[in-house]
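Okay, got some structures for you below.
Next come two complexes, and both contain chain A; in the first it sits with chain B, in the second with chain C.
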Partner chain A sequence: MSSVLEVRQVSKAYGRTDAVDSLNMDLAEHTIYGLLGRNGAGKTTFLNMITGGIFPDGGEIAVHGNLLKKGDVPTQTCYIREKNFYPNNARVRDVLQMAAAFHPDWDAKFASKLLGTFKLNPRKKMRQLSRGMESMVGNLIGLASRAPLTIFDEPVLGLDVLMRERFYRMLIEDYAEHPRTILLSTHLIDEIATVVEQVFIMESGSILMHEEVEQIRDRAHMISGLGAGLDHFLQGRRVIHGERYGNAGMAVVYGELTEHDHREAASQGLTIEGVPLQKFFAYLIEEGQTDE
Partner chain B sequence: MPIPFDESRPIFQQIAERIEDDILNGTYAEEDQIISTTQFSRIFQINPATIVKGFGLLVNEDIIYKKRGLGMYVAVGAKEKIMAKRRERFYSDLVVKLLEEAEKLGMTTEDVIQMIQREKEEQRK
Partner chain C sequence: MNKMKVQLRVSWLRMKLAVWILLAAIAVSMATGIIVNAALDSDPQQDAQDVAAAVGELREITGNDELQIEVPSEMENVNVSSANMLLTLLPLLAIILPLQTFRPMMNFGDSRRRYFTGLLGVYAVSALLLALVNSLWWPFEQNFVRIYSQTYNLIEVFGWEQFGTVGAFIYQSVFYFFVLTLFNLLFSGLKSPISWIIWTVLIAAIPIGTSIASLRVHVADFFLALLFNDSLINAVGINLGLSLIFIAGAWLFTRRRTF
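Moving on, here comes the complex of A and B:
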């Protein structure tokens, strides 16, 4: 499979703070990825670098196999920023026309269908739009561009539930028929959990974890029971989070559990449950911070 | 969001179970075409790769099979296969756990059997 994006040891500092620190990332063809992290984790700085907006202090970025040089804007890439910079006086249809000129795979028919789905009036001026509608113009462009690498930064921020739903539905629907590489950057984990195939979890400018979402569902466990049995069971496992109350406790562990593990846990009176993803990510990020 | 799935365990397994349920309850008969991955993906807003993986589980167990260019179909004998598999799981998941719990509560196997019989009689009335 050819690589759509290769990032090697990329760093960017603002003053003394490392916004992005020796980051590596590989994106393959025909996959939807999630880039997850809290506000300020460095997601947007990273996205600005891979789309040529800012140049890294160190490291290399290759998009569709082409090394990105200073001042380059990668081809066959569509980047929908969290904040749009469309001219205020332009009408929605003018903005779409400009976008069409930039993106060789643009589908005009699909774009006009989306105008209806997203309830956007093409004759309205950009400055007349609400924050949510403005985001939807960006989301429409991202979808209709059909760019082999499409990046959305916080695409559903400021949208109501109905519009979020419509965006995810159109994304999945169109992706099924026109597979491409999509990177969704967000701090809203639950909403994209079934949409994305793999996630990168970012904290303090680094990737804490890169994994298939289904793998995480399979490997994240919450174990609870009496302290002594629990301690014994946890030996040699990756414990992400632990809590004690009286002589009982609970722990979140990451790793495969075999039939044998399950029997051992049962014999110690321990219960094993799954962990909701949102919780798991929160614990993981917390763990990353105490390590600093 | 329309996600009738348990988010804390792999969704592809739940997709396979869902199709199995539909075969058991007669939604799909043998040789019926099942929902396409694209439809499934759209209705439940799940990544198509996850659906393909779920269907793959069933293909491996000869519960469904692919007709080239047409889609997925329920295999002959699928229902029996699912029932056999579920009976095994019924034993390990339900019977074993039932007796473990009964023991914790100081109940004998005889108590449990009597309870089951009583419930059966109640249902007959």
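Moving on, here comes the complex of A and C:
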């Protein structure tokens, strides 16, 4: 698979604060990625850099093989920002018509269908829409653009559960028919776990982890039991979180567990369970901090 | 809809309120002018008596019985031509568009280069349209409006009528484009320290230039060459030459402008 986005050692600082620090990323074609991180992790700054909105202090960005020079905007890319900047006195249908002019693969029929699915009134003005509906207009544009690289920054902000599910469902259905590279930036990890194939976990301007979702599911384990057995079992493993309750305790470890490991844990009276992605993400961010 | 049409649409959406307010202000101004003129015309005898009484009082105060004051035969207020009031759009366009259309266009996925070229296109069309409106209004103003009210128009103030209708239209077009590109330069890079320096230099230039005697003559020469030029070719050259410098400056700001 050829690379859609290549980012090498990209950095961006605001004053003395490093928003993005020597970040590397590769996105292959026809894959859905998740970019996960807490608020202030540098996700939006990074997305603004790869879409030419702001310029990196150092490093290289290449989109579809073309090196992004200062002031350039990548082609064949659709970036749906967290905050919409569509003219607030424009009607929804006008915004869609305007967006279509910038995306050669725009599917007008699909856009009309999505208007119905997302319950958007095309005659309403942007300023009359709720925060959730505003997000939906952006999401609709992102889906109907069919851009080879589509980026959504916090796409479900302000959406209720029903609308969030509708968006994810339409995204998966359309992706199945029209594969492309999609990058979803969010902090609602569990929701996108079924949608994305690979995740980048970002913290303090750097990529903390890049892994396939299935791999994370397979490798993240919560082990609980009595202290002595637990300590013995954890030796030499990557412990990303630990808690102790008197003589008992639990730990979240990241790594492959063999059949032998499972037997050993059972012999020590330890239980092994899976870890919800949201929890794994939270533990990973605070890796190494143990509550005694 | 192509990208240029999108830019025109976004520009209109951003300018709509300002345009309607301006048109309403012009309509109110015209109505007020008609009412005031009608009021002044209503009792010319009373006007003459008031003036005579005032002159009498002045003679008493000064002790000069020969004191005379020339009073125009028709006492009217002089208004700015309505077509000239429309020129308020020039600064409004070049302030609102760079401030309010850059982000929406970038958000749609436009490139800086195409956005800037489109913006210049909007300015060029606006300059031509406003020049056309004033050129068409000018004979109407001379032959009809001035029967009822006293007005002044930039075409006669700057002596552009000497170049004929087409010449006046060309002079206006290039001067309006000059104004648009100047304001565009000032409002394209508000985050840049270089822009702040340009602002400071421009704000300081006129008071300094007019207060120092040796500079005053150059300031006067500059404005004479820009606005009162007796050669249309020179005027076009100076206005467009300066516009090109402003465009180059604004492009330097825009190509590095962040979202």
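Structure notes:
The working rule: the second predicted complex is superposed on the first by the 287 of 292 C-alpha atoms of A that agree within 3 Å, B and C clash if a C-alpha of one lies under 4 Å from a C-alpha of the other, contacts with A are read in each partner's own complex, and residues count from 1 in each chain.
In this text, contacts are C-beta pairs under 8 Å (C-beta built on N, C-alpha and C of every residue); 3 or more make two chains touch, one makes a residue touch a chain.
Remember, predicted model here, so these are calculated numbers, not experimental data.
Once the two complexes are overlaid on the shared chain, A:227 sits clear of chain B and of chain C alike. Contacts of A:104 after superposition on the shared chain: neither chain B nor chain C is touched.
In the superposition on chain A, contact is made by A:79 with chain C only, not with chain B. Applying the stated contact rule after C-alpha superposition, one finds that A:175 touches chain B and leaves chain C untouched. In the superposition on chain A, A:65 contacts neither chain B nor chain C.
Contact residues on chain A toward chain C in their complex (touch as defined above): 48, 53-55, 70-73, 77-79, 81, 84-87, 89-90, 94, 97-103. Of all residues in chain C, those touching chain A in their complex are 1-3, 5-6, 9-10, 13-14, 16, 103-104, 106-112, 255-256, 258-259. Looking at the complex, you find that chain A touches chain B at residues 31-32, 165, 168-169, 172-173, 175-177, 179, 190-191, 193-197, 214, 217-218, 220, 273-277. Those residues of chain B whose C-beta lies close enough to touch chain A in the complex are 1, 3, 5-12, 37-38, 41-42, 44-50, 53.
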